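Data first, discussion second: the structure below is written as structure tokens.
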Amino acid sequence: MPESMRYIQAVNAALTWALDSRDDTVYFGEDVAIPNGPFGATKGLHKRFGAGRIFDTPISETGFLGMALGAAMTGMRPIAEIMYADFAFVAMDQIVNQIANIRYSSGGRWKAPLVIRMQQGYSPGACAQHSHSPEAYFAHTPGLRLALPATADDAYQMLRTAVTVDDPVIVAEARMLYPIAGEVRTDVPVEPMGGARVLREGPDVTVVAWSRMVPAALEAAETLAAEGIRAEVIDLRWLNPLDFETVGASVSKTGRLVVAHEANLTGGFGAEIAARVADECFEDLRSPVARVAAPDVPMPAAPVLQQAVVPEAVHVADTVRRTVHW
Amino acid sequence: MPESMRYIQAVNAALTWALDSRDDTVYFGEDVAIPNGPFGATKGLHKRFGAGRIFDTPISETGFLGMALGAAMTGMRPIAEIMYADFAFVAMDQIVNQIANIRYSSGGRWKAPLVIRMQQGYSPGACAQHSHSPEAYFAHTPGLRLALPATADDAYQMLRTAVTVDDPVIVAEARMLYPIAGEVRTDVPVEPMGGARVLREGPDVTVVAWSRMVPAALEAAETLAAEGIRAEVIDLRWLNPLDFETVGASVSKTGRLVVAHEANLTGGFGAEIAARVADECFEDLRSPVARVAAPDVPMPAAPVLQQAVVPEAVHVADTVRRTVHW
Amino acid sequence: MDLPDTYRAMARIRRFEERLMALKESGEIPGSIHLCNGQEAIPVGACGVLREDDYVSATYRGHGWAIARGVGLAALFAEMMGRDSPISGGRAASPYLSDASRNFIGENSIVGAGVPIAAGAALTAKHRGHGAVSVVSIGDGAMNQGNVHEALNLAAVLDLPMVLVVENNVYSEMSRIEDMVRVHRLSERAAGYGIPGTVVDGNDVDAVTAAMAQAVGRAREGSGPSLVEAMTERLVGHYSGDAQQYRPAGEVAAAKEREPLARIRQAADAELTARLDTIEAEIAAEIDAAVTAARAIPFPDPATVTEHVHA
Amino acid sequence: MDLPDTYRAMARIRRFEERLMALKESGEIPGSIHLCNGQEAIPVGACGVLREDDYVSATYRGHGWAIARGVGLAALFAEMMGRDSPISGGRAASPYLSDASRNFIGENSIVGAGVPIAAGAALTAKHRGHGAVSVVSIGDGAMNQGNVHEALNLAAVLDLPMVLVVENNVYSEMSRIEDMVRVHRLSERAAGYGIPGTVVDGNDVDAVTAAMAQAVGRAREGSGPSLVEAMTERLVGHYSGDAQQYRPAGEVAAAKEREPLARIRQAADAELTARLDTIEAEIAAEIDAAVTAARAIPFPDPATVTEHVHA
């Protein structure tokens, strides 16, 4: 029976499931145990599982991500929490040069089954150092898996998948979606990794989005439907493994592509989707591939400025219109 | 009068010029002063300018990149050296969250006129931790400028430009090109920042490359010419500021694009070029946009494996053929 | 500074923070805020021994440092309201603001990241040779970040004129420092860099002043960096939305007996008390005026949003 | 281990490195190599007190650790020749190899980065509760990296069974450690983490053994991490191409008087000398055989180059 819960509660439920399922799963990060997590994601876990399974670390992201790797290599299944995705840059060496490399560089003799949980994106009034959407950095790093759940159900299912597979997985949640509730299927088996999802079918244009831009894309599609534009909306969900097949099949049908993400435009992962479509779906394309993204600025803090850069449903809708009426 | 020198000597000449031109330029990094630099880039500078202008730091990339930022904000023009581009990940927070942000986040009240010199790319037998081509990470970071010189002359000119502008600039050199000599124009004024360069004109296909892939693209173009395929080769030079105009004009003429870089394919900066072309040159395109890049693997150390992933002239030529004969 | 002036300087910070919290609650401050209530003696004592050409850096909990450094209250309020303030133009807000005109290098929202940057300001000071000093404040929890380690060693090796002030308020967010290190005092780490480390009662503005005078003097004369650990307590939550359930009963109440303003009040005779009351009234007016002035500053023009990314 | 065995263990490493350098010079080793000539007593002393289920990590200068840990010589040669070795399949080469079958977590080519990873192995050991220990070696220069600082504090706070061995060979690449820190001994930093720190003559294998026995014993019984600083000297350059112009005249010659093998030779009587000569001959044969065996290992199949990125 699906249960209705908020995105952040679904994270909590998945973590409870993870710690329950395997004794060798440990959870650590800053303020995650005794204080129940800065956003409540780990609420009740310390009480339930004790200090041997979940504990608070010093403010040492490089230290504890490296610790996660060493623990994973030697047989545990750690989950480490980076409080804001922005802080991943402090520990980028452990992510790029260590965690992503070890399986390949040992010819498969070591594995690193660990999960790095983080949450990303802007929120009103937050400064540039608390607003990054860094998925493109991770997606360009071979060896990492990358999950960006956009719904409460996916927050639950994708995190469960992440803790189950034998690869290092970054699960980047969307802070702005934490309060949003949805039906969560707590009674289904763990899903296999990967797979984009067609959330809405339509013959006119393909809209590919992930994370916070998924509800924005759906909202745009609703608006557009009233105008007679029938958009197909795809939630990409996993950037690695990348389900390009679903995207390609859709574009082959619609002949038009709009990709939407919150990260800034240049070098964003939208470029990768656009580039593949421009290669693999070239003959089917009926209008230029378009991207919706923040312009190339660090995120400003003032809401009036944020509103001038953060992509929303209205920008998706505008871009779709331009693409369809091209 | 142009002088013939190796790429690495041109770097040395530009650094000498920089330290000579301004008293507030200081240079620091690991083994750069007394030992004359791990690749000889700083040869003779310590002797000539003394410990007040060039000094060796502890192995503390985060520490000394932050120091570069603070010095730049308060009126100096520091140049900091990251020995291998791979080590930038150790200091990524200072690059992404600090150096790139400060001008914007202060509404232009602070500036950060500093240069980070590094060298990148694979070399025979080097491991995954000494082989990165991380330009896509930096190009996705608003606030940074990014220079990738491909010739001795550009190693000289672009580094001089970098130390002259008021923005933070990453100059990522190509280790494999260090021994290659060329004519260096030591007698010209400092060039303005930016600007791609059409190195070879041709009506059939546009090949965009940077760094080590520039000589590879030229070699491919030579081979192709013998087969009657006339490629236009563009050295992109600066990824930020990006001279898309030159690329766009060329593709509008040729109708075909091949982008080549050594970094791995997915999320590489080639995607950005391809995505823009698929948007802005859509009507002119006569075949799918194509990319030449390493596959999505960490760099293996064994030469037989490196040869199986590192893109070379032959791969550029093959891809051009496929694109032209599509 | 004499006592009433010190009181004024500290009370200005306290009342600023209190008003800020009220503005947050009434919806006028969009982002989250990290207040320094109880820690005022540290920036006031420190900035009291500084010259105009010295450099100051702090953390997201740095409003007190900005104010002690002379950054205008209206500008600060405006910045945090998301207005086009003259200091950061609304781009930085509460946790990342700076003021170039006051050599206030700024706050930083990445734990510890300001210390390497402060070392850079110290490098400039050393290069210029005019005896300027770079003072940087961090929290206790920040001592476990690699950036602080690297910067301290760098400053030591290069004899940089830098003073690191560790404001030990015994918590990093919701975690106790005693669970995060195995040393009694964080300043014990100074020895590992070959620099002096001292502990001072951070609620005693005179003690802070004395310790900072020594450390800053040392740096000014070219003898290199030092570390001052100031013991203090947060009278409020880590940030505006912190319910503080993790704090033992009575902890905050006890801290209120020891905090820098209460301490002066407790020892004050009737005459001084009257004087302090007057100061409080003056500050209240100053804060009111600053809020009014801040509200008169317009919001940034969205058309400028892509400016200032580059030169 | 008795003296001849210790000598054998150390000489095996020395001759391995010497042969490796010869292979490098004759073009059989594609990448650059970082030799540990002169530092052999440290891995031999350390690994001598370890159990099979303990974990070992090192740096790019870690061939000695691999060998002392029992990793096969042929496998090592093959890996460095870019062949499909049974340890890392030619993917890692000299500076990043590992051997999962020997719990040799591996080398690391990012300075200091192995220490947090070793802390993770120690976390596993602690979680399992069987008394296994995680030993990790770094160089003197690495002590200034943030990752080492963070990992040491983390290990201290979590009481992890980890021993950090700092091989102080007084240089980081071409820079002298005395120019890179303001402490006399790096182990002085241990106090800042609340853990024991000792200095030992790293050229004296018995002294290393004793110090490691104590540190490892402490970790095994659940009393947490410690730091052992082993003073030593490089008899060779930082890497294969290092001309060492930065080293003062006579430095290497003096070091050759003190290095671990010479030290044993100097004190040896005729009988022992003869015994050691025999051992050397056996090792020479062992190395020859290993090179031959390595050469028999094929190069990796390029068709497999995209394998092992993911599970």
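Going in written order, the chains are labelled A, B, C and D, and every chain counts its residues from 1.
Everything below uses one rule, namely that a residue touches a chain if its C-beta (ideal position, glycine included) is under 8 Å from a C-beta of that chain, and two chains touch if they have at least 3 such contacts.
All values derive from a computational prediction rather than experimental measurement.
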Point to revise | Common touching chains of chain C and chain A | key: B, D
Check your understanding: Chain by chain, through touching neighbours only, how many steps does the shortest route from chain A to chain D take?
Key -> 1
Review point. Approximately how many whole Å separate the CA-defined centres of chain C and chain D?
Key: 45
Practice item. Measure off the straight-line distance from the CA centroid of chain B to the CA centroid of chain C, and report it in whole Å. Key: 40
Review point. In whole angstrom, what separates the CA-based centres of chain A and chain B?
Key: 30
Revision key, fill the gap. Taking each chain's mean CA coordinate, chain B and chain D are separated, in whole Å, by 36
**Study point:** Residues of chain B touching at least two other chains
**Key:** 58, 60, 62-63, 86-87, 90, 93, 97, 104-105, 127-129, 142-143, 296-298, 300-301
Point to revise | Residues within chain C bordering two or more other chains | key: 84, 90-92, 96, 108, 110, 113, 144-147, 150, 153-154, 157, 179-181, 309
Practice item. Examine which chains touch each other and state the graph shape they make (line, ring, star, complete, other). Key: complete
Revision key, fill the gap. Listed in rising order, chain A residues that touch chain B in their complex are 86-87, 89-90, 92-93, 95-97, 100-101, 104-105, 127-129, 132, 136-137, 139-140, 142-143, 240, 242, 263-264, 266-272, 274-275, 277-280, 282, 285, 287-291, 296-298, 300-301
Practice item. Spell out the part of chain C that touches chain B in their complex, as residue ranges. Key: 55, 84, 87-92, 96, 98-101, 103, 105-106, 108, 110, 113, 115-125, 127, 134, 146-147, 150-151, 153-154, 157-158, 307-311
Exercise for review: Please name which positions on chain B make contact with chain C in the complex.
Suggested key: 24, 26, 52, 55, 57-58, 60-76, 78, 93-94, 97-98, 102-111, 113, 142-143, 145, 165-167, 241
Check your understanding: Inside the complex, what are the residues of chain B that reach chain D?
Key -> 30-31, 34-35, 38, 56, 58-60, 62-63, 86-87, 90, 123-130, 295-298, 300-305, 307-309
Check your understanding: Which of the residues in chain C end up touching chain D in this complex?
Key -> 144-147, 149-150, 153-154, 156-157, 179-183, 188-189, 191-195
